[in-house]
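There are two complexes below, and they share subunit A, which is joined by subunit B in the first and by subunit C in the second.
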Partner chain A sequence: MIDYLTTVGALTGIFAIAAIGLNITTGFAGVFSAAQAVFMGIGAYVTALLAPEVGGSLVVCALAGVALAVVVAFVLASAALRVSEEYFMVASLAFQIIVSTVLISWYSVTKGTDGIPGIPIPTIMGAELSDQAGQTVLIWAVVAVMVGLTAVLRRGSVGRLFYAIREDPIATQTLGRSPIAGKYAAIMLGAAVSALGGVLYAFYTGFVNSATFDYAMSIKLVAIVVVGGIGLAIGPVVGSAVIIAVIPLISLLDLPSTAVGPLQQLVYGLLIIAVVVLRGYLTGGGLRALRRRHRSTLPSSASRIDTERVPT
Partner chain B sequence: MSLQIDTVRAAFGGLVALDDVSLTAEPGAVTALIGPNGAGKTTLFNAISGLITPDRGSIRLGDVELVGKPARHIAKLGVIRSFQELRLFGGVSVYDQTLFAAERRVATRSRKVRGKVDRILARLGLSDVRRDLAVNLSYGQQKAVSIARMLAMEGRVWLLDEQAAGLAPREYDLFCEVVDEARRRGLVIVLIEHNLQLVRELADKVVFLDRGRALATGTVQEVFGNDVVRALYFGRRD
Partner chain C sequence: MHEFVQLAVGGLLVGGIYVMIAIGMSLILDVTGILHIAHGANISLCALTFTAVEPHGFVLAVAATLVVSLAFTMAAYDLLYRPVAKRQADLFPLFLASFGLWIVGSSALTLVFSANATHPPTSLDSTIDVAGLHLVKINLMAFGAAIVCYLLTRTFLRRTMTGSLMRAAACNGEMADVWGMPRRRAERVAFVIAALLSVPAGIFAAYIFGAYPTMGDVPLLIAFATVIIGGVGSITGAAAGALIFGVIQGVALWQLPPAWQEGVVFTVFLLIILIAPRGLAMFGKGRPKRAKPTPQTSSEPPVELVR
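Showing the complex of A and B:
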C-alpha cells in the first residue's frame, strides 16, 4: 500500500511538471497545443537511450532531453505558427500523430511498442537515488521549483508579454511588441518544462514505451491544466492531483471490474465539462456586467453630443 | 516632426477605402478626421499604424517611410494608436497592461518604469482600480486605460479613434486635458471624431473624408463652412 501511494505521489508530481509546461504555452500565452506529450516523450526517450551511457546522470539526461525538446519545439513553432491561431491546435495534433507514428515505427532506436526497459537508477553528482521514496521527494522538489518559477514568470515582463499575446495579438503589435516572438518563447519554454517531466518519468518507471506518449496523453495533460485552473501557477498541481491521484481511487471501490474503467472515464469527462461550464459561466458573467455598464453610460454621452452628432 | 500622408490608396476588392488621400499632421497640433461612417477614417489609421499595407502612396514620419514596415516597428518609432473597440487586454490588470506598454522589451529595468506607470494611472484617475481586470471596469474607465497605455508608450504621434465617444462629462473633460497636454508636449495628434463639439474645442486642423477621399482640409471654420462638407455631412444647405 505504501508503495502504491508512493507511486501515485510520484506520478502526480511528474504529470504536474509536464502539465506546468503546457500551462505556460496554453494557459499563459494562449497557444493551444495538442502535442505536449511529444515533449514529455522526448525527455523520456532521451533518458532511456542516454542514461546507460552516462551512468544514469540525471543532470546530463535532463539537459539533453530539455535541449532536444526545445529544438523540436522550435521546428514545430516554425511550421505551425505560419497558420492562423485556430489551426495551430490542428497542426500540433498532426505533429503529435506524426511523432507517435515515428516512435512506434523506428524500431531500431525506440524499440516500438516493445519499449525500452531497464533504464538505470538516476544519479545526482555520483550518488544513486535508489529508493522510490527518495525519487518521489526529488520529483516534488522539482514541482516546487517549477511552480515557483512559473509564478515568477507570470509576474514578470515575460508573463506580461504572454498575457498580451493571449488577450490580443493585434494590440500587442501596436504596443510595439512581437506576438510571434512571444509565441515561439511560450512553445519552447513549455516544451522544456514538459521534457523535464518526461525525464523524471523515464527514471521513475524505468521503462518507456511508444504507446505512452500518444495523443491520449496530450489530451490528459490538457485535462490536468483545465481542471486545475488554466493559467494559475499552482493549477497543474491541483489538476494532476485530481486526474492522476483521485480518479484512479475509483478502482479501490467495491465495484465489478467491468464498471471501474467506464466509471473513471465518466468522472473524467464530467469533471472537464463541469470546469468548462463553470468557467464559461464566470467569464460570461463578467462580460454581462461589462455590457450592463456600457449601456448605462450611453444616455449621458448621447445627450452630450446629440445636438451636433451627425446622423449616420 | 510631421506625419505626411501622400496619395495613399487602399482597395479591398472593388471597394476603394482610401482614394489617393493626402494630408499632413503637424507636431504640437490636433488634426481631426471627420466624415460619415465608411469614409475611410479608420482604414487610414490602419494604414498609418501598419495593420494594412496601402496599394500605393507614402506615409512618412519626418524622413522615415512607414509603408511596408511591420506594425510593431511603427509603434516603436513612436506612432501609437487607440482602437474604437479599445482592444484592451481584458483578463489583465490595469496596472499590468499599462506596465506592459511602458516596457520596451522583456527585462526592462523596472523601478523607473513602475514610477511612471503610477503617475500615469494617478493622472487618469485609475489608481483605485489598478489591480482590477480591464474587463471588469466601466466603459469610461476602459477608455482611460486605453489612454494610459498610450501615455506609457511615450509616442511622438497619437492616433485616437473615437476615443471621446461614450464618456461621462468628467471623463470627457479629463480626455480633453490629456490631449491638450500632449499637444503642448509637441506630439502629432490625429483624432477621428463624430462629436463636432469636441472637434471645435480641440482641433487645430480638420480634414473631411468621404468615400475614401479627402474632400476638404483647413481650420474648423473653413471646413465646417465648406459647402461640400455641409451638403454631404451636415445634410443641410443653409
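Showing the complex of A and C:
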C-alpha cells in the first residue's frame, strides 16, 4: 500500500513537472501546444540512451535531455510559428505524429514499442538514489523549485511579456516587443521543463517505449493544465493530483480492462469541457452580466461589446 | 516508375475523402472561426453507424448516418459552442471545448464499438484497369462523390441567398452584424453543410479504411492541414490541398514501409508551411510579393469562399 502511494505520488510529481512546461507555453504565452509529450519523450529517451554511459548521472542526463528538447522546440517553433496562432495547434499535432512515427519506426535506436529497459539508478553528486522514497522526495523537490520559478517568472518581466503576447500581440508589437521572439522563448522554456519531467520519468520507471509518448500523453498533459487552472503557477500540481492520482481510481471499479483507458479519456474530455463552461460562468460573462442586469437594463448590444473585453 | 504513378493515382482517389472533410472544416472555420476538431469524432461516428446498420439495408444505413451526423454536429454547435461563446468572447475557450468534445466523442465510441476495423461487405472493392493502372472501383466512386460535393457546395455558396450570407459572415462578421444579417443562421448552415458532407466521407472511409473508433482522427488532421495549406478562406484551395495530401500519402508507400506514411505526410505539411505560411493559394493568385512575410501580424488575407 505504501509502495502504491509512493508510486502514485512520484508519478503525480513527474506529470506536474511536465505540465508546468506546458503551462508556460499555453497558460502564460497562450500558444496551444498539442506536442508536449514529444519533449517529455525526448528527455526520457536521452536518459535511456545516455544514462548507462555516464553511470546514471542525473545532472548530465538532465542537461543533455533539456538541451536536445530546446533544440527540437526551436525547430518546431520555426516551422509552426509561421502560421497564425490558432493553427499552431494543428502544426504541433502534426509534429507529435511525426515524432511518434520516428519513435516507433526507428527501431535500431528507440527499439520501437519493445522499448529500452534497464535504465540505471540515478546518482546525484555521487550519491545513489536507490530507493523509491528517495527519488520521490527528489521529484517533489524539483516540483517545488519549478512552481517557485514559474511563480517568479509569471510576475517578472518575461511573464508580463508572455501575458501581453497572449492578450494582444499587436499591441505588444506596437510597444516595441516582438511577439514572435516571446513565443519562441515560451515554447523553448516549456520544452525544457517538460524534458526535465521526462528525464525523471525515465529514471523512476526504469523503462521507456514509444507507446508512452504518443498523443494520448499530450492530451493528458493538456487536461492536467486545463483542470488545474490555465496560467496559474500551482495549477499543474493541482491538475496532476486530479488527473494522475484520482481518476485512475476508476480501475478499482469492476470493469473489463479494455474499458479503463477509454473511460479515463472520457473523463479527461468531460473535465476539459466542464472547466471551459464553468470558466465562462465564473469569469467571462456570467457574474458580470448578472451584476449588470441588476444595475441597469442596458440594451443587449451594449453588453455584448462589453463582454468582448478579453476575460483575464 | 509505373508503380509510382499507380501509387500517386491511388492516393489521389483516396484524397477524395479528405476533400469532403476539408470543405466542411473550411466552411466552419471561415464562417464561425471555430477550429472544430470534434469533427474527427463525427467522421468515426458516421462510419461506425453506417457499418452497424448496413446489414439491415443500404438506404436505412445512409438515413441513420445522416441523422446521427446532423444530431452530433448540431448538438455540438447549439449545446456546447453557443453557450460557451455567449459568455467568453475570444476563440480559445471554444477551441478547448471542441478539443474536449473530440476526446469525449472518440473515447465514447471506443467504449461502445470494438477497436478492430470492420469493413462493410461490398462487391465494389474489385479493380478496373484504365491505361494500365489498377483502380479500385469504390475509390473511384469516392473521388466522384468528392467532386460532386465540391461542385454542389460551390454552387450553393455562389448562387443562393444563404450562400451569400455565409460569404459575408466569413468575410467580415462584425460588418455582417452591422447590416443586420442573421449571422447565427450562417453559422448554423455551415455546421449543417459540414455534417452533410461528413456522411459520404464517413461511408466511403468505412469502405476504404475500415470503420474503427479513432479512424476519423488522421483524416481530420490531414483535412486541417489542407485547410491551412489551401489558404484559409478558400474551399477550392482546401479541396486542392486535400488531393495533394492524398497523392503524398500514396507516394509515401513507394520507398518506405507503411508505418512511415503519416510521418511523411505531416513532414511535408510542416515543410510547406515553412515555405508558404499563407497557403498554396498565395502562389496562384499573383498577389504582390511582400518584402518580408510577417505571419504574426493579424492582417488576415481577404476571405473569399469561392475563388
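FYI, the second predicted complex is superposed on the first by the 269 of 312 C-alpha atoms of A that agree within 3 Å, B and C clash if a C-alpha of one lies under 4 Å from a C-alpha of the other, contacts with A are read in each partner's own complex, and residues count from 1 in each chain.
We take it that a residue touches a chain if its C-beta (ideal position, glycine included) is under 8 Å from a C-beta of that chain, and two chains touch if they have at least 3 such contacts.
From a predicted model like this one, the values you see are computed outputs, not experimental measurements.
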Original post:
After superposition on the shared chain, which partner residues are touched by A:V59: those of subunit B (first), subunit C (second), both, or neither?
Top reply: neither
**OP:** Give the label of whichever partner, subunit B or subunit C, reaches more residues of subunit A.
**Re:** C
**OP:** Please indicate which partner A:L5 is in contact with in the superposed arrangement: first for subunit B, second for subunit C, both, or neither.
**Re:** neither
Original post:
Thinking of the overlay built on chain A, is A:S157 touched by subunit B (first), by subunit C (second), by both, or by neither?
Top reply: first
**OP:** Considering only the touch criterion stated at the top, classify A:V83 as touching first (subunit B), second (subunit C), both, or neither.
**Re:** second
**OP:** May I ask you to decide whether A:T174 touches subunit B, subunit C, both, or neither, giving the answer as first, second, both or neither?
**Re:** first
**OP:** Could you tell me if A:V109 is touching subunit B, subunit C, both of them or neither one (first, second, both, neither)?
**Re:** neither
Original post:
Once the two structures are fitted together, what part of subunit A is touched by subunit B and by subunit C alike?
Top reply: 170, 173, 286, 289, 307-311
**OP:** Going by the contact rule at the top, pick out the subunit C residues touching subunit A in the complex.
**Re:** 35, 80, 83-84, 86-93, 95-97, 99-108, 110-111, 115, 218, 221, 224-225, 228, 257, 259-260, 262-263, 266-267, 269-271, 273-274, 277, 293, 295-298
Original post:
Which subunit A residues qualify as touching subunit B in the complex?
Top reply: 157-158, 160-161, 163-164, 166-168, 170-178, 286-287, 289-290, 293-294, 297-298, 300-301, 304-305, 307-312
**OP:** In the complex, go through subunit B and note every residue touching subunit A.
**Re:** 36-37, 49-51, 70-72, 75-76, 80-81, 83, 87-92, 96-97, 99-101, 103-108, 110, 133, 135-140, 149, 153, 165-169, 172, 194-197, 233-235
**OP:** Spell out the residues on subunit A that touch subunit C in their complex, using ranges where they run on.
**Re:** 30, 32, 78-84, 86-87, 89-91, 93-95, 97-98, 100-102, 104-105, 169-170, 173, 179-180, 219, 222-223, 226, 258-259, 261-263, 265-266, 268-273, 275-277, 279-281, 283-286, 289, 307-311
